[in-house]
Amino acid sequence: MIRIAVLGCGRIGAMHAYNIAAHPRATLTAVFDINAAVATEVAAKTGAKVLDSVAAVLADDEVDAVLIATSTDTHADILEACVAVGKPVLCEKPIDLSLARVNACAAKIAGSAVPIQLGFVRRFDPGHRAVRKAIEAGDLGEVHQVTITSRDPGLAPEAYLKVSGGIFRDMTIHDFDMARYMLGEEPVEVLATASRLVDPALMEQLGDYDTLVVTMKTASGKQAIITNSRRATYGYDQRVEVLGSKGMAISENRRPHGMTLHKADFTEQAEPLLNFFIERYSEAFDAEIDAFVDAIETGVAPEVGFEDGRLALVLAEAAMKSVAEGRMVRTSEVA
Amino acid sequence: MIRIAVLGCGRIGAMHAYNIAAHPRATLTAVFDINAAVATEVAAKTGAKVLDSVAAVLADDEVDAVLIATSTDTHADILEACVAVGKPVLCEKPIDLSLARVNACAAKIAGSAVPIQLGFVRRFDPGHRAVRKAIEAGDLGEVHQVTITSRDPGLAPEAYLKVSGGIFRDMTIHDFDMARYMLGEEPVEVLATASRLVDPALMEQLGDYDTLVVTMKTASGKQAIITNSRRATYGYDQRVEVLGSKGMAISENRRPHGMTLHKADFTEQAEPLLNFFIERYSEAFDAEIDAFVDAIETGVAPEVGFEDGRLALVLAEAAMKSVAEGRMVRTSEVA
Amino acid sequence: MIRIAVLGCGRIGAMHAYNIAAHPRATLTAVFDINAAVATEVAAKTGAKVLDSVAAVLADDEVDAVLIATSTDTHADILEACVAVGKPVLCEKPIDLSLARVNACAAKIAGSAVPIQLGFVRRFDPGHRAVRKAIEAGDLGEVHQVTITSRDPGLAPEAYLKVSGGIFRDMTIHDFDMARYMLGEEPVEVLATASRLVDPALMEQLGDYDTLVVTMKTASGKQAIITNSRRATYGYDQRVEVLGSKGMAISENRRPHGMTLHKADFTEQAEPLLNFFIERYSEAFDAEIDAFVDAIETGVAPEVGFEDGRLALVLAEAAMKSVAEGRMVRTSEVA
Amino acid sequence: MIRIAVLGCGRIGAMHAYNIAAHPRATLTAVFDINAAVATEVAAKTGAKVLDSVAAVLADDEVDAVLIATSTDTHADILEACVAVGKPVLCEKPIDLSLARVNACAAKIAGSAVPIQLGFVRRFDPGHRAVRKAIEAGDLGEVHQVTITSRDPGLAPEAYLKVSGGIFRDMTIHDFDMARYMLGEEPVEVLATASRLVDPALMEQLGDYDTLVVTMKTASGKQAIITNSRRATYGYDQRVEVLGSKGMAISENRRPHGMTLHKADFTEQAEPLLNFFIERYSEAFDAEIDAFVDAIETGVAPEVGFEDGRLALVLAEAAMKSVAEGRMVRTSEVA
């Protein structure tokens, strides 16, 4: 049994905590949150102990590994501290909003063999993963175009948006990782365009965007297209499509059930798309914990690691620069 | 918290036990199995205590309610005993293979207010339930035809088939209940035809069938059609369709994810249908426990009760008689 | 070029006439209708000549073959006359409403080598045909269950219903043929149930039914299920499904285009099912003419011939007897 | 009856000729091709006369209108000549490969009231059109993102590619028009990226591309994304999707029939996507002729006219410039 501590018991942290508690090869040994009440609530339902500081967690011999779900600005520090004491880390994305800070962190942990897994949960979605497996099996031949449609059901609260680091670092970051996962080759050119259509006034005020397209190209010419919107009124739209030289694969949207109503003037599915990420990616969140436990048990490096987190951020930086300057930006300009 | 004991820790009993343990308003307080080892295994993972007899469970003040998942031939006795001590019951189907025994049981518990819920889990499937809700909402108008396609992925083991009571009582029983759920009116005429196509030799030996069609009609002329096969090589085929005077609704089959592969000569979904009932009806099994807890907490009679179990068995008897005699059988002939 | 005359220029006859005119290997050489005006209209658009009697058509040397789309009560007489003068026939279903008359006709034309094709157009539907091809290719293994859902969008006019011969001979007749096409073995037992739900008063008056289920079994135990309704408010519902020992194939309903609208509360296809048979089976009507021209050119007997028309009528008789007597009827009782 | 002459009887011209011949309100009065044999063949099947020059067609009083399907380099000259003699024109795209020539043509015909319709046939596809109608009906609210997936089943012959004007002017031109149709506002910024992945050697030699992405933005920030490939081995991939502030609509790919095969390890549709444009857009080609006849009869300007052809070419020029210079290009730079 791998004994895991969860740091940060907000919505995502609590979900991870319950998943760990239910995992057959892991136990939730401890929880921490700066708001003790929320940590206490999770502890009550799981039998975990509440620790009152990150330091206490790091010092605890009953903690084999740490899941970091605290606020973004604390990720890099905690991650470095965990590596220092040799505790494997599953860190929610992003590592940090600043590429410089991430690069500094990378330098600090360089050479360490402590397993670090990044929380790019979508890689573990059964549908998206099946697309990747089709690529690996050669069913698609050479990858030519990766098309990612990724739209949230609605704008996050203003308070969250203010500290999110902007749509590219907060939302597109998942899609940058998905593009890399499917391309199998690093993008070197980035072209992006962004608009303020969902809430123009708020976006203007934040200096942010709510609707965007990113196009990327690898050295060999493979292309990836990301389409983002902060508000798809019809639900959480999550599709990944890969065109290859021998075929094409799509991971489609999903619904909670398959009831279809046929009427004189229409045929309808009244049940919306699975909504929001906790529902849509529930199997993926389970599989992510599974992979983390595997990595710790086997000593094999996690499939999605620190460098994946860093490279997604590089793409975000390039995309922001492309929007700002109205031109194609090479990743080498920002890396 | 409702404290529930699970009797019988085989595949289905164990599943129920874990669902109860994870339920927010219920706890698994005790388990029993004639094979102590399997009970102990469930207890170890859930913190429940192991009791060594049904009598011990019935006598235990810490047991608020009982889930019966023991072998079919014990259901009626245990059910009567639970009612006698006032413990609410969730009883796996069927109540008994003998309609006479079920009728005797009905007589014995008549007048009792102890909640009894029958394990017709498919009523709780989100898709099937959405069809029923469409009927209740008037979206379909008057119900004209209910079509139920229900095919197992493969033959159950011979040992199981020998004690199953035959396909009508073991497998079609769920579909009889589903037909009643959708018709909203009791079938009064039953026509059935049955074949031995999947494993003719075994079926001949057992005096059983593996492939059948049942057609039923209510007094007002509403029709229900059940199509059963013991082996659908392509997966667990579970569809329910209702034609009404104003529209039609279908609850379609479901898959674990939405990846589709497009090749030159075909487009395929390589992932099979959800398979078998524990996977296909996982939300329904959760919702069934939920409904049981609701019934106990509110005192409102369970949506699916003892009489539903009895009436499904009446339809099974009528269908068997129809096959044997090559004619339409009225339910009044067997009830 | 095969020179074809069309007898009867009502809705179906006129459609056939235009299809023949547009066929690359056939010409519409003559048309006849008891209402000269409708024949003249078709002639004006196609360049065909109008003949003023069936006799004139039969005597015309420029007529290589005849398509019979006159009223049902004339089919058998005209068919016999065509055979007598050696002109190949494509005859709309049914041959006659009376099985005795059909049997007499069969006796009269026995031994003739003149090609006779029956108008069971659904055999030529690309989707249904693909199911049959899957069977022939062995993809399904042995056929176990054939399920045919066949529902008209609405009640035909009362005047038509009065002379239709009843739902079994008029509507189900197509499904009896489809069942035979898919089973690949003759049904020997027929069980049917029928209701008056769509227009009870009219059905009572006509002694007819509007909603029915027929179950059939072959000697080896293969089963076929036909579900009919005279009114599916949601469109013309035409599905064929075959369960075999190795797989299952479905020919699904079709729509005129693939636009889907995703809204907050529903996802809908606003375009109805293809509706009615002239639209739904348009490719099939073309392919049917193609097959007729092939049969004439090659001398190979048409895929669907006189005996297919007769056997479908036998099944209709058996089904009607089953409803009347509330029992399983063997086809040998009515054949 | 509108009497139409078809100039150019290659694959597309011949198809148009047969559609006109079958149209209820039009007749094919004359055909011309520099290869007299192909014109004669079309004439033989339709009764049209063969004329031996464009001049003869223009001078013919029996020609009410002209469909131009000759080689691209003759389009502008013939179009000008038709306008000069007052004959309405349906001109296949593109008007010319040179924007300068198109602008000159525009200047020459300025002020003329002769109906000119451009052959952007996809606007008439029932599915794509239903998306547009959903926009017009307000079902989608404000348009935010238009996503067009447009992939040919395979590379055109090298001889064709050499004179095609390149992928942007030859293939993407349809998608530029579709984007304008759906956006309802002119794109002002164009970002494009292009690769040589399908046949790198040939593309290098031609100075052309086979795989590309174009992103466009209107003044108000609406976005359109076009994804093109010269080879989708799985068929002719033609999808149009529009995200709006209130919903989303997709026009999906289409198949010739709805047969689905369910096997143990996969579920497949063996029938490919409708392939190629003559099959996929067959209803659209009919509707295009219909719209042309309407425009002539009513005097209302065609829905898709000369300026639409010119503006699509402007977008092609901007996209090519964007690829060449690695930057966002404003349409005002090339218009």
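Per-chain numbering from 1; labels A, B, C and D assigned in written order.
Please note the rule applied: a contact is a pair of C-beta atoms (placed from the backbone, for glycine too) under 8 Å apart; a residue touches a chain by one contact, two chains touch by 3 or more.
Just so it is clear, the structure is predicted and the values come from calculations on it, not from any experiment.
When the contact pairs of C-D are set against those of A-D, A-B or B-D, over half line up by residue number only for A-B.
Counting C-beta pairs in contact across B-C and across A-C gives the higher total for B-C. Note: centroid distance chain A to chain C, computed from Cα atoms, is 57 Å.
Centroids built from CA atoms put chain C at 41 Å from chain B. Annotation for chain D: residues touching 2 or more other chains are 233-234, 246-248, 262-264, 270. Those residues of chain A that touch chain D in the complex are listed here as 141-142, 144-145, 147, 149, 151, 189, 191, 193, 195-198, 211-213, 215, 217, 221-223, 225, 227, 229, 231-234, 237, 243, 245-248, 326-328. Of all residues in chain C, only 233-235, 262-270, 272-273 touch chain A in the complex they form. Residue ranges of chain C in contact with chain D, taken from their complex: 22, 125-128, 130-131, 134, 139, 246-254, 256-264, 270-271, 283.
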